[in-house]
Each structure stands twice: as C-alpha cells, then as structure tokens.
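First comes the structure, then the notes that go with it.
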Amino acid sequence: MIVVMNPGAGKEDVEKVTTKLQGMGYGVHLSTGENRTIIGVIGQRREEAAQAMEAMPEVERVVFISRPFKLAGRDFHPDDTVIEIGDVVIGGPNLVLMAGPCAVESEEQLLEVAKTIKDAGAQIFRGGAYKPRTSPYSFQGLEKTGLEYLQKVREQTGLLIVTEVMDQFTVDEVAGCADIIQVGARNMQNYYLLRELGRIRKPVLLKRGLSATIEEWLMAAEYILSGGNYEVILCERGIRTFEPYTRNTLDLSAVPLVKQLSHLPIIVDPSHGTGLAGLVPAMSRAALAAGADGLMIEVHSNPQEALSDGPQSLRPDQFAALLKELKGVALSVGRII
Amino acid sequence: MIVVMNPGAGKEDVEKVTTKLQGMGYGVHLSTGENRTIIGVIGQRREEAAQAMEAMPEVERVVFISRPFKLAGRDFHPDDTVIEIGDVVIGGPNLVLMAGPCAVESEEQLLEVAKTIKDAGAQIFRGGAYKPRTSPYSFQGLEKTGLEYLQKVREQTGLLIVTEVMDQFTVDEVAGCADIIQVGARNMQNYYLLRELGRIRKPVLLKRGLSATIEEWLMAAEYILSGGNYEVILCERGIRTFEPYTRNTLDLSAVPLVKQLSHLPIIVDPSHGTGLAGLVPAMSRAALAAGADGLMIEVHSNPQEALSDGPQSLRPDQFAALLKELKGVALSVGRII
Amino acid sequence: MIVVMNPGAGKEDVEKVTTKLQGMGYGVHLSTGENRTIIGVIGQRREEAAQAMEAMPEVERVVFISRPFKLAGRDFHPDDTVIEIGDVVIGGPNLVLMAGPCAVESEEQLLEVAKTIKDAGAQIFRGGAYKPRTSPYSFQGLEKTGLEYLQKVREQTGLLIVTEVMDQFTVDEVAGCADIIQVGARNMQNYYLLRELGRIRKPVLLKRGLSATIEEWLMAAEYILSGGNYEVILCERGIRTFEPYTRNTLDLSAVPLVKQLSHLPIIVDPSHGTGLAGLVPAMSRAALAAGADGLMIEVHSNPQEALSDGPQSLRPDQFAALLKELKGVALSVGRII
Amino acid sequence: MIVVMNPGAGKEDVEKVTTKLQGMGYGVHLSTGENRTIIGVIGQRREEAAQAMEAMPEVERVVFISRPFKLAGRDFHPDDTVIEIGDVVIGGPNLVLMAGPCAVESEEQLLEVAKTIKDAGAQIFRGGAYKPRTSPYSFQGLEKTGLEYLQKVREQTGLLIVTEVMDQFTVDEVAGCADIIQVGARNMQNYYLLRELGRIRKPVLLKRGLSATIEEWLMAAEYILSGGNYEVILCERGIRTFEPYTRNTLDLSAVPLVKQLSHLPIIVDPSHGTGLAGLVPAMSRAALAAGADGLMIEVHSNPQEALSDGPQSLRPDQFAALLKELKGVALSVGRII
C-alpha cells in the first residue's frame, strides 16, 4: 500500500500521517520526489486502513500494490486447482461441457433434452429450478419440483447436475440435488450466500457479475475459499457495455487473465454472453482457443417454446454438430473433448 | 410488440409466424414495407412471447412498444406518489434529508452523530447494521446489535430510521426497527427479497443497481408494487462507467427521467455516487436542482476512523454547512428544506 | 512514478531495473515490503519510461503518482482562468449562455432564432456550419456558406459566435468568423487539430469525447495550452454508457471535479448530454447548481423541421422560460445570469 | 421505420403525424393496439425524418426497422468481399498476418524486425509514421521520414505495408507508400477523412472506435464504400469498458456478428485489444477460432526500448512461436496460415 501525499504537504503533514499509520501497526518508508512525498506502507493490505488514510485531508490517495485476493490468487498457490466429481475432472486437459435448457419446465422436456446432450458428449446437465427474472410477470421457475426433475435426469442419464441457488437458505436443498451449485451473475456479490457456500463441501460455479471487474469476481471467490470450500469454478458470461446488438459483451480476455492471476478453473457461457444462438458456435470455439476449461451452453429441444431464453438456445442437433467442430479446436490447443 | 421478419421472408414465413402468434392469443396486423414485413402484435406484452418469436428462424427481432412496468409507470397512475411517515412527507414540496454513517459501529458513535445531523435539520437517520463488503476480510457489520443501536437513536432523537436489509429472511427483523427499509444496489435484482418486501407495509428505499438501466430499476420497483406495497422510494446512487476518478458516475438525468416515466419519489445519494466527500456538496446542490425529492448523505463524526467509506463521508460541521447552502437551491426550484 | 516489481523478484532483478532507470536519468528509491519490492522513481513523468518499465519481465506494473497534465492542472496555476471576449467574461461570477440550432440551415432561420435567444438573454450564438454526421446519407452542413450566415448573425445581433472546426486546415477560416472555436466530441483526440489550435489566439471550446476520461480530456486541453493558447473552455456533453433511454449520460460530477483538478472554465451542454428536450431544463438547473460556468443549449424555431437534432432542441419560447428559471438557481449558488 | 404515438394520442394527433409523413413522401400504415397507435412508415430510412417525428409532441419515439448501412450490409451483397493485393488475399480461406512495431523509430529497427516477421510467415508489415498520442509530451512519430523507411521495408523484404493516415490531406502521401491505409480508432468518425478515402482506390483498414457500436462502425465503412472504394477491411481492436486490468475489452463477438451483418473482411488486433503482451497469444488463437480473417500484432525487437506500446509488443521469437501455434487453430476452423 502506498500513501500519496497532497502536492503541498509539508513535513508536519507527513508526520501526522506516518504517526497514524504506525499507530495502526504499519511500518512506513518515506520517499520524497520532486513534487510529492509518497509513503510506502509495510504490512497487511486492509481496506479500512486505506479508507482511513484517504479520509485525511493531507492525503491525495492510496495506491494498492498487492492484490486483495490471497486464496484465489496464484502467488501463494501456483498450481492449477483441479476439481474431480466422479469421473469428471474440471481444470485438467479434458474439457468439460455443461448443457441444458435455461429453465426446468417439465420432466419430459428435461429427460428428452438430457439424453440428446449426453449422446452428443456433454458430461454435465444444466437447468434452472430457481430463476431470477427481470419481470415479476415472467415465469419464475418450478423451484422444488424442478429440483426433483433434475434428480431424475441424473438417475436416468448419469449426467452430473449443475443448478442455481438463489439464497443462503436453500443451499442445503440445492446441494442435495446438484453436483455443482451455481451462483448466478446477479448474486455474485450476495455475500451471505457466498459465505454459506464456503461452509459446504460441494463445487461452486461462480458466474461473473454483469458489471463486475475481474478483481471483484476473484474477491467473490475469495469469500467461498476463505470459508474452507476450495472447489470454485469461475464462469465468464459477458459484461454490460454500450453495445446493443448483443445481450452482453463476452469478455474472453478474462480467460487468459484469470489463468495468470488465479489457480481456479474457468469456463465460458457463450449463450448468456451473446444472447444470440447464431453467435454461440463461433464464441464456443473462441473460448476454447483462449484456454477455457469448458463451456456452458443452453440447449432446448424447441427454442420457440422455451419459457426462458429461447433466442440464445441451440437445438440438440445444433449442439451435437457444434461438439464435433469443437474437438478439432480443443486438439489445436492441446486439450481433449 | 412488433415482430420484424427477416429481409427475405416470404408469404409462408409470415403465415407461420402469425399462426403462432394467434395460437398464443394475440391479434396481428401486417404491414409490408419495401424490404421487410413487420407484424404488429396486439395484446399484453410478455417476455416469453417475445422470446418465442425471436427463437423462430423467420424472425429478425422483436421490438417492444409499451413499457414493461405498469404499476410503477405514470400511464395508469398520473399523480405523484407521496409517502407519509409520521410528520415526514416524501415526494411533496418539502425535501427529505437522510444522513448518517455508512456502517453502525457503536452506540456512542451513532448517538453523537445522530444529534448533530438532527440539529442540522435532517429528518431521517441512515446507518448500516448489515453490510455488503467486497472483501471477506473487511468489517461486516454489527447485524442485530446494530439494529438495537439504531432503535436507540430513534428513541433518543426522534429521527426516523432507514437501514439496509440483505435478504428476505431478515425483512421482519429489519422492519421491526426501521421506518424505511433500504434495498442496496447489489440487491436491486434479488427478486426473492423484492417479493418479500411486496408483502409488508413499510416504505422501501430501492437503490439503483450498479449497472441497472432505468427500465430494470423500475421493474425492480414493479416487483414490490405488484406484491401490494405501494410505498417505494427510488434512490439514484451512481452507475458503473469507464471513468476512474469517481467511484461511480452519478446519473442525475435519471431524476427528471424517472419523474416522467414514474409516479414514485426519487432521492439521490451523492456520497456513493461519487465516492469523494469533496464532490458531495456540489452534487447535492445539483440533485435538488434536477428535481430530486431528497438526499441521502454519509456523515461520520470522524471520517478517518470510520470502519467503512470514510473518504466519502462529511463531518457533521460540513453537513450542517451544506444544509444551509441547500435551502437556497431548494427555494430556487420551488421546494422547501 | 512507482515501479512495482513482480512478487518473486530477487535482488538481481531489482538491480537490473534500477540500472535501467538510472540510465534514463531517473533517481531511484527502494522500498521492500513483505511480498514486493517497489521502486520510487524520482524525475519527470514520461509515458515512454513507464512503458519501457512495463515491458520488462521483472516488472509487474508502473503506477503514476503525479498527474500527466501540467499546464491544465491547478498545481502550478492555482487561480481560475477567466476569459474575456469583448463584454463577455467566461469563468467569472457571471454565467455565460450559448444557444442556437445544431446546424446552420439558412440565413433566415439563423437570424430569426438569433434574435429570440438574444432577447431571452443569451450572449453567444451557436450553430454548426461543418457537421460530423454518423450517416453519409444525412445533411452534412453548409460549410463556408454557413460561416457567412453566422457572420451576419454577429453583425446584426451583436451576439458572439461559437462554431465547430473539423480539421486543422480550416482553423483559420473558422477563426475568421468565430469568436470561440469549438472542438467536437469526436475530435477531442484529433491531435493535429489540437496542435493547430495551440498556435492561434482565440478561445477554444473543447468538448469531452464520448468515452474520454477526465484525465484524457485535460490532456487534450494540455495540447492546446502547450502550444501557447491559454484560452480553453471545457464542455461536458455526456459520455457513453449502457443506459439506452438517454442519448448519452451527462456526467455532472465532472464539473466539481474539473474545478478541483484544473483552473479552466467549464460549461455544460445538456442538449447533447441527454438527447431529449424534455430533460434539458432540469439538467440545465443541475449543471449550474453543480458549479458550471455556463451552458450551451440547442434552440430551433421549429424543431420538427430541423435538419439535425430536432428532438433535443428547445423552441425559443421554451428557452426564454428556462432562462427565467435559471436566474434563481444561479443566485442560490452565488452566480449571476 | 415505425412511429410510436404517445399513450394518450387521439385521432387528431395521429392525423397530424400521418399528414406530416405523407408530406415527406412516405406511405403510412396505421396499427392500433390496446394502449398505443403505431404508424408503419413505408419508404427510405432517413435520420432527418426520424428526428422530425421525434420532435413532435404527439410522438413518443421512432423505431428503425431496416439497418442504416446499405453498401456495407449483406442484404444487398450476400457474397463475401475478397480483397487481393498482389499475392495476398484478404477474406479468403488463407488468413492474413500483419505485424510490426507500433511506431516507426529508425530504419535499422524497421528492417531488423521486418525480416524476422517475414521469416516467421507474416505477409504485411505494420508501423506508424504518424502517431496519435494522448500526451503532447510523448514521441509523435517520424511522419514523412517514417514513410520513407516503410518504403524501404517493402523494397527489401517484399512485405506489403499498412500504415495509419491521420487526416484527409495526407491521404495521397500515405497512399503513395502504403498498400493498405489504416484509419485509427480515434479517427473512425473523422468523416472528412473517410470521404477522402472513398475517392481513392486502395484498401482501407478501418479500426473500430473505442466506444463505437458495431452499427456506427459499419456506418463509417459505409462512408468509404459510398464514395466508390469497396475495399474496406474492418479491424476489431477492443472497446472501452469499466474493466481496468486490460487496456481495452476485446469484443470478439464482433467477429461472427460482423460476418452476419456485412460482407466485409474483419481482422483482430489483440495487441491494442488487451494492452498486455502476455494475453496476445491466447487472444490471437481465440480471434481465429471466432472466424477472423487475420490478425494485426505488434512486434518489436526490443519492447523495453520501444518508443510506444512496449508492454503490448511481442519479441520476434515470441511472434514466430505464436505463428506456429496458430497454424493448428486455423486448420481446426478450416482456414490456412
């Protein structure tokens, strides 16, 4: 942490600040430039300390040197985190494919699409029983019944299940059915939920918030890790920008960047990332080429009848065709589908 | 709702789409332009219907004509909503001033600052007992104890209390202490919470999400209104943009725009909106001049010792000075402080 | 400038970097924290030096301490810049009002609207002879003929003229007619144009670029100032964000922020800033309350016949009514209209 | 074009609007829904007409149905544009690789790096003689001398040359040396320049503006095409978002989207798109997998001595290694390097 003094700060001002820092238990290191004095602060990074400094009239601003994430960062954990769930390995050379409809609508719908995506080669089934919807007048999800249907998908197909949890009080319920618990973009900074997920021992799929920086996203992971649950999978799903053609702007540079900063596996959701089924194949290929550990893709047997997100859903035959294409891309970057 | 057909769509394609629309209970109205056919769809706006249409290969896109918010909109509720809590009236000619520290830290701190802001002329005391914090290593709030301290502030000063609720399960607890229940920016799309707030009969202060459009914000209000709780106060608190100097970009144009679109009162939080105490006075003046119904301002007796958001907090003397300045601005736009 | 070394950097790495810095003429100051070494760099800030450092594999990143703008900054020029053009003073207690149509369309149109805005109390007439238009199929401006019409407005009404220059080669031509030369948002980083404007001795109105940070904007001003032309007026006109209701998001916090960072006067253009005539009055009031030195407002005698930007233009009677309202707001913040 | 009337609009209001539309030569088609009347407008899309409508108090807003770009769009030009320059073909199955330093610094530097990138397999050499720089105190480019050096690169290596033009008056000068004329991101909406480029007969590389929507970008291409120059290559180079880790956010979804909307070839610049050399390999792979027709990559013999953009430049050996990797990715999507 570095404290930048105001341009006009005199010796007394600097002393006032260093005294305060030392009172907080920090070591200090003065460096006087042509126009400014800066104070190198030695000790643990703490937001509170930084804010206290910035609230002093003598101080212009505080610059952080170290990253705020410790457990999620590579500095103290250089090796990749690899998550094993039964036969499925996430974060290794084999890529993981999650697919299924946006929302759980009925038992038949689920089983039908589940079989086709299994045949195509996916290992994990996705489907929302609890749905966050922008409008109170939209379909809001089947909730518990939806979880039961997902259970049947697992029993009948052997696919693993990933589904979204909406609050800390349904974590156990969802964990009872799901192999991976998903935190949606809108909940990325729901800290009570994150803390509860730190207490369980099931992998968590943590979607990036709509306007979350990569640092904030890794800090959300840090909440879960700091609770003792080390199995977090990150999922890039597009950020909000000024571009109106696509629902979001899929930030694929997050993939290699997260790989540099963190040891956690990262997958990409091109369906929400673009909002347009026609862009999903190209962005799936690009995600794998960028180094993603897997994909999450919306597939619906009949997108025109979907209760949610039809325009971004592939049909099962399109999904199967895409998977064939992806094998070559995976190979070209040393990965396997 | 208008369905725009693909450029090359033929008669059969149009028929396929109109048949589907009619099957959903909609009336249709064809209009054939030079290059496109468009279908005017007569009936209730529904997201699901629009998505079903957009998932058809014959369709280019769907354009909504009506606004998605009904209860929050002015079309069917032309008069301003005015909320009365005891002597305090929100949304009338008198402006409402909410002030207090970001977080509840101790009983003494609260009472000290509460008295000064009451003397200065504020009517409502703010302070967070439950705190959403980006880092798991930061101070996380006093929770229940914090609520008790807030209760004491009300008893001893007569100030009304506004404080944040973090999830649907503590709504009753918070409602037991607060006169106004705050939904924070990160929870603006926490739909379970919004629905629960629709069931109670207490005013809700709904902060705009960091990257929420005005339409999404009004739809969040719609969730509460559609549950039967008509007392929603909107609060503009800055949106996320590319500008790094300020913590957020305070979008004051939201004030007159919300006044056009909706009948709900709207206040402004220049403290979070800028993140810099030095900008709070100017932006408070600007907010009132833009037509806001009030302000929410962070005040801390000693910003350098604050456990949260010190750099954006005013000292009590600065707050008192600001209030004096604001009287003239209020008068100049026909309002009273 | 501070060089942050990589977490694993050893003594040799640090030496390599300090040697390079010293070779570039910089003084260095080491500070070794728990996990990182940082190097305080003493000497002039230079982008090239920073980039050279960041290109070294031993270096994580470079943090700038001083602001990049010198002439535009307050550090070495604490007093406000006040610009006098005849009787009109920009940056003093009196507010300046610029108004007129988006584009110059005809002589009659200009004279008609010019008289009404003069009667209303404006001092400066705006109108574009050269027009940047998104579509090649839109009206592109009257160019030289437009300048002649503006000349007539000045002769017949005594209003000062502000009009846009599009490139460095027409600077003299525009300067021959205009009292203030406007640089449009799209040209804010047209450095050849900025440099040419540094050579003349006429005030320049520098609009903020659509996605320009405040630092980039002040650096654009620095180009003009560093050429020897000290009369630069900044104009906030909205930035691009994700919000679709308004054409741009008017960033009024730029007003007090620019006042802190710089000595240059700043005005606000609520017409382009919102794109909606219905929001112009509220945002004009807010801009003045935030501390702006003036306003630039689009006025057209018949917005429905305007060749450009009709939806954001006020009619002359609306403008006159607005000016009356603004007098009180100005007074309430110690300014005069 | 569709005109949406205000909710309360009566028969007379609708007549007033239709009369005006008919007076402008448009056909109209009324459609009366439950709450609104909408008017389908038949005839050429024109911004002026839409603005005139939106300026009418009876009208809520105008919705465009057709795309504003005609020549750049696929509707009337379904086949891909393929550009041939000598042996190099852009937009066909073979991918094109452009590489070189950000700025032309010296003759030796250029020739040295040019030979290495040619050996690695690139076909086109990039280097800026005219440089847009944020700070007036930074290196501003060698200008004419730089062009002469680039000429020598072509003579001695046979590489084609792409270099930036900064204004309409140096188009001939740059065209005399370059095989492809580059329009930088900051000049994407410099309409005088675009129009001048429409008059010449040389391929133009049009970079996407920092905050340009895809529609605005294609409209910039439309300016060049409408002048008669049909050889435009688009270049995605990152857009401005709130994410601070990367210099820009590379929007790779623009690649398949542009391929749908337009027939023009599109390449990607991952160097500017990320600002970090460490991300260039992954994003180069991703760009090709997304369907880009080529890449533009910054290569410098000694990034630590570069006068511009060292941190994002690859060394020649890194570039050669990357090219080997890319061959497999290209093959996996049916393309050839």
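For reference, chains read A, B, C and D in written order, and residue numbers begin at 1 within each chain.
By definition in this document, a residue touches a chain if its C-beta (ideal position, glycine included) is under 8 Å from a C-beta of that chain, and two chains touch if they have at least 3 such contacts.
Being a predicted model, the structure only gives us computed values, none of them experimental.
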- Hey, which one of A-C, A-B or A-D is the same interface as B-C, over half the contact pairs lining up? A-D
- Query: Which pair wins on C-beta contacts, A-D or B-D?
  - Reply: A-D
- Task: Round to the nearest whole Å and give the separation of the Cα centres of chain C and chain D.
- Result: 26
- Gap in Å, rounded to a whole number, between the CA centres of chain D and chain A: 31
- Item | Centre-of-Cα separation between chain D and chain B, whole angstrom | 38
- chain C: positions in contact with at least two other chains: 211, 240-242, 244
- Task: Sort out for me which residues of chain D touch chain C in the complex.
- Result: 20, 46-48, 51-52, 54-56, 68, 132-140, 166-169, 186-187, 189-192, 194-195, 210-211, 216, 219, 222-223, 226, 240, 277, 303-311, 313
- Across the complex, what residues on chain D touch chain B? 2, 4, 7, 29, 31, 33-36, 38, 40, 42-44, 63, 65-66, 75, 240-242, 244
- Task: Give every residue of chain A touching chain D within the complex, in rising order.
- Result: 211, 213-215, 239, 241-246, 249-253, 255-257, 260, 273-274, 276, 278-279, 281-283, 285-291, 325, 328-329, 331-333
